[in-house]
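I'd like to ask some things about the structure below.
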Amino acid sequence: MASESTAPFGRRPCGVVDSRVTGGYRIFTLIDEEGPAPVPGQFYMLSAAPDWAGEGGRPFLPRAISYARLERTARGQQRLDFLIDEVGPGTARLAQMERGDSCLIAGPFGHGFSLPRELNPEAAGAILVGGGIGIAPMAVLRRHLIDRGIPYRALLGFRDRAHSGGIDELFGCEETRLAFEDGNAGHKGYVTDLLLRMLEGDDPAGAVVYACGPPAMLEAVRIICAERSVPVELALESPMACGYGACYGCAVPKASGDGYHRLCVDGPVLRGDEISTALAGVGI
Amino acid sequence: MAISLATDLCGIKLDDPVLNGSGTFDALAARSVFGDALIRDFPFSAYVSKTITRSPRAGNPPHRLWETPSGMINSIGLPGPGLEGFLERDLPRMAELGVPLIVSVMADSREVFGELVEAVAAREEVAGIELNVSCPNVHSGLIVGEQPAETEGLMKALRPLTAKPLIVKLTPNVANPDEVARGAEAGGADALSLINTIKAVAIDPVTTRNWLGAGQGGLSGHAVRPIALAQVRAVSAAVSIPTVGMGGIADGESALEFILAGARVVAVGTENFRDPRAGIEVGEGLVRALERRGFGSLAEAQDSTLS
Amino acid sequence: MAISLATDLCGIKLDDPVLNGSGTFDALAARSVFGDALIRDFPFSAYVSKTITRSPRAGNPPHRLWETPSGMINSIGLPGPGLEGFLERDLPRMAELGVPLIVSVMADSREVFGELVEAVAAREEVAGIELNVSCPNVHSGLIVGEQPAETEGLMKALRPLTAKPLIVKLTPNVANPDEVARGAEAGGADALSLINTIKAVAIDPVTTRNWLGAGQGGLSGHAVRPIALAQVRAVSAAVSIPTVGMGGIADGESALEFILAGARVVAVGTENFRDPRAGIEVGEGLVRALERRGFGSLAEAQDSTLS
Amino acid sequence: MASESTAPFGRRPCGVVDSRVTGGYRIFTLIDEEGPAPVPGQFYMLSAAPDWAGEGGRPFLPRAISYARLERTARGQQRLDFLIDEVGPGTARLAQMERGDSCLIAGPFGHGFSLPRELNPEAAGAILVGGGIGIAPMAVLRRHLIDRGIPYRALLGFRDRAHSGGIDELFGCEETRLAFEDGNAGHKGYVTDLLLRMLEGDDPAGAVVYACGPPAMLEAVRIICAERSVPVELALESPMACGYGACYGCAVPKASGDGYHRLCVDGPVLRGDEISTALAGVGI
């Protein structure tokens, strides 16, 4: 897959040209004049400017956010879309940004997804599994596959309407199946039900899975694929202070059991067989 | 003509008084992320490695980070390749950074500390050694850096091993850092750096358990600046060797505060996470701050005593 | 039905676990400013006086305040009417607040400490006494609260003087507050309160001199919360007497963190300056926080141990 | 003079109904529905809501601000004007507030001015000396005197145009003389030059002086009046954390030399002979 180019050294102000609600989420758009083109799975460290701060002294550190769409303006500038779920002071502050505001960004950072054939020479196509806000990287990967004429099927899962969004904007209806835990639309239940059904259906030998979403979903996907020895790449999350390998804070346990990946530089995309769990630090 | 920031730290010539705090900037990772732009524009006048131990370490289990009001807690646990891996793989690449190298080391006994100092000092790429003494001594069970006598004893044991500058990194978790500082000086330290992080914990709001995998961590960032400033002032007044001041430095104004408090040079830590070029911003801001405050030179500020 | 917050602190019955930090709420001044609304809606379940000394004190010269990132430095210097003036003029009016009174005292010798404790304990308006030990002992020259033995000795001397609860207010400026806590417990303390402010300095950006008239002060507010939480956890685990947790408490969530860390009750300090009704907000927020986190009662949270 | 009533217990949100630039300063207007009428010289503790915070973790504490004008709306609500000089993060954040925003206020706090006759039975009228942002309380006092038919003369001093404002809005031209250190308008020099000339002019026996402004100006006024034993009331400033007597941070040295006034409750208006200096903490 398109290899990552190095990120500009430092952070740079980008103009906010749009910000709108989509379902329970928010999408905002930045114009990145300097940055190189990111590849699917990469992320940026964002902080609204001025005053990346709030009541109670947070946010303080920049926030890691995947890009959800890349387009070029008439003048050849990069338009980057970001999909935001307001879960705390950082995402809330980013969601407050309006057209005309400025956002400091560093990146693109991290390693992106491999192509299906790179993971499985037999690969007929790709199965994309997105949960909640995790649909953002899947949307980018989907475009990438379409551009290359690689067949895909997308399975998107959400808790409920309030925790969903960007579906129509980021995904076409064709080849996309939905699961809502509250039965709001599509299958009533987990997106992993759809994945299981699909893997039962086709010949797993030709399957390749890509997933991004909440830890519990990623862990289920990891195990489902491991049991069927289906190659899978997971776009993981972890608290991050820097995003460029400086703080060693983003530890994810290696499969081997000895030591940890530094998610921001070794990931955020890792193969299922590279990690021992997708639940590191969750509820321990 | 702008004020020159050229200075030195116990013999190590520096283009400016802005270093990095150990463990807060992985220059090798940064180089692969940012490419050669990092070298062209290296943010620090000397590079301090993260703390090296004799054997490889995996570091602490997650979570390792927690954001706090105007600061953060980290519980990294010194992951690293160990002495051998560091000397073989990392050090040669650090030499390409083009600035003096200061290697931070930690051990749980004077013997192992000695091994590390000798092995590291033997390498000509290395300009100085920082001793991270915020660790227990296996024999006494005491945290070396909390005990003036332990610290002096350690320095007496290490001093003969090298002529290169030995910098003792003080822990802030003591009643009187100046006493530990005097111990380090008496033992032969060439300089002192402070502050390290302050003991802190975080509670997972959802599980109501410890958030940090190791159960405890260290606070850093803007929030600790006033505490760091007090300790830098107390320590600098107590010893005649130079000090490296750090703790929440975010810009030229805060860097100047540390120099006025008695630090000869400063180090930038947590701010690197917020801005990869923080070191450059601090240096440029320091020139403006010196001018704004009417200082004719950096030395004038370094020599001024706080009253 | 909402969770009840009723609890007690070494025998003192409390409607809720929210006290004020000594010196952060002058209830008498507040009453003249806010009138009887203050009494109708008193923000704390017990009132802790600012620290009283034997002789009247003017306090420190200005400046006494400095704002810091998510916090503040104070250098007030214990201004006060002295023991006599306090007992004659202030105490009777404090009795009108309608909540148990805890009087904070400080002295530079065991003898004077004894005088203060006896005189204060003799008054029936007084429910308990807090001992501010963040001060040097004229004889030993040591800061009592920095020395486990000094603290134990002081408590041994004071314990026989009264049957009323004696609460030792610990200083955070030590390597191991749990050791001092054990000393206090061994000496007969009924409870411990922590943290007091953390040593800090401020530099006047214009004059580049010390901003604070006394040259040094203490840091408090949101910025210190993670440090306070660590000390409360360490101290609560080390002793079997109850602890009063404080340091940057701003709302119900942060109050719950201190209780989960081992505090039996909490105290609100700096937040009172930001919001005169902070004590009320913290109490109401605590009920919501307990419910949100699935606690059936306050006791459940008080008894839970952090893992 | 109208005696202070007690302030509502706590802080209350007030709607911002106007904010505009005036010279180098800014005036914003709040609707205070609950508060009692303040008296000249009193102040409020203000914090913009939500997010009384900024890059670098400040502002953290509320800021003490004098009211510059009190009016009643048609519906009988109080309209409070505040005059702001942006000297740091707190005043900058307050100056950012726009119509429709909310501002938390506590107060009115402190003791206001006495009437001329209360200070000097012989008093013919009042001389008001305002410097910079210190013209705010003088503007309020001026209205108060006019309402009571008490003659006054106002002397206003400013460093330069950038550090001036509210003159036309808050003062009529009649009975008002200006001094600009840079000669921008009126007398070129200090406002205390005008005061001296005026005191030389009239019979000092009938004079009463009120002053508010920068410490150096207040100290000069204090000494000028002391030397001529002219009664003077000064509206002083000091860093304040609480504004209601809780923190003891607002210390101003007593004339007697023993101890300090707590400016928020003993002041902010104090007689010249009650303090030993108006320069406490300044540049020491």
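First chain written, first letter: the chains are A, B, C and D, and each begins at residue 1.
Quick note on the criterion: a contact is a pair of C-beta atoms (placed from the backbone, for glycine too) under 8 Å apart; a residue touches a chain by one contact, two chains touch by 3 or more.
Just so you know, these numbers come straight off a predicted model, no measurement behind them.
Novice: More contacting C-beta pairs: A-C or C-D?
Specialist: C-D is joined by more C-beta pairs in contact.
Novice: Return the distance between the CA-based centres of chain B and chain C, expressed in whole Å.
Specialist: 34
Novice: As a quick test, compute the distance in whole Å between the mean CA positions of chain A and chain C.
Specialist: Centre separation, chain A to chain C: 47 Å.
Novice: Tell me, which residues of chain B touch at least two other chains?
Specialist: In chain B, 66, 68-71, 209, 222-223 touch at least two other chains.
Novice: Please set out, as single numbers or ranges, the residues of chain A touching at least two other chains.
Specialist: Residue numbers touching two or more other chains: 53, 56-57.
Novice: Please categorise the chain-chain contact pattern as a line, ring, star, complete graph or other.
Specialist: complete
Novice: Where on chain B does chain C make contact in their complex?
Specialist: Those in contact with chain C are residues 66, 68-71, 73, 143, 146, 173-176, 198-203, 205, 208-210, 216, 219, 222-227, 229-231, 233, 248, 253, 256-257, 260-261, 293, 304, 306-307.
Novice: Would you pull the chain C residues touching chain D in the complex into a rising list?
Specialist: Residues in contact with chain D: 23-26, 29-30, 32-35, 37-38, 41, 50, 58-72, 74, 76, 79, 204, 206-207, 209, 213, 221-223, 270, 272-277, 280.
Novice: Taking the complex as given, what residues does chain A use to touch chain B?
Specialist: Listed in rising order, the residues of chain A that touch chain B are 6-11, 47, 53, 56-62, 106, 109, 238-242, 244-253, 258-260, 262, 265, 280-281, 283-284.
Novice: Report the residues of chain D in contact with chain A in the complex, numbered from low to high.
Specialist: 50-57
Novice: Residue numbers of chain D touching chain B in their complex, please.
Specialist: Listed in rising order, the residues are 56-57.
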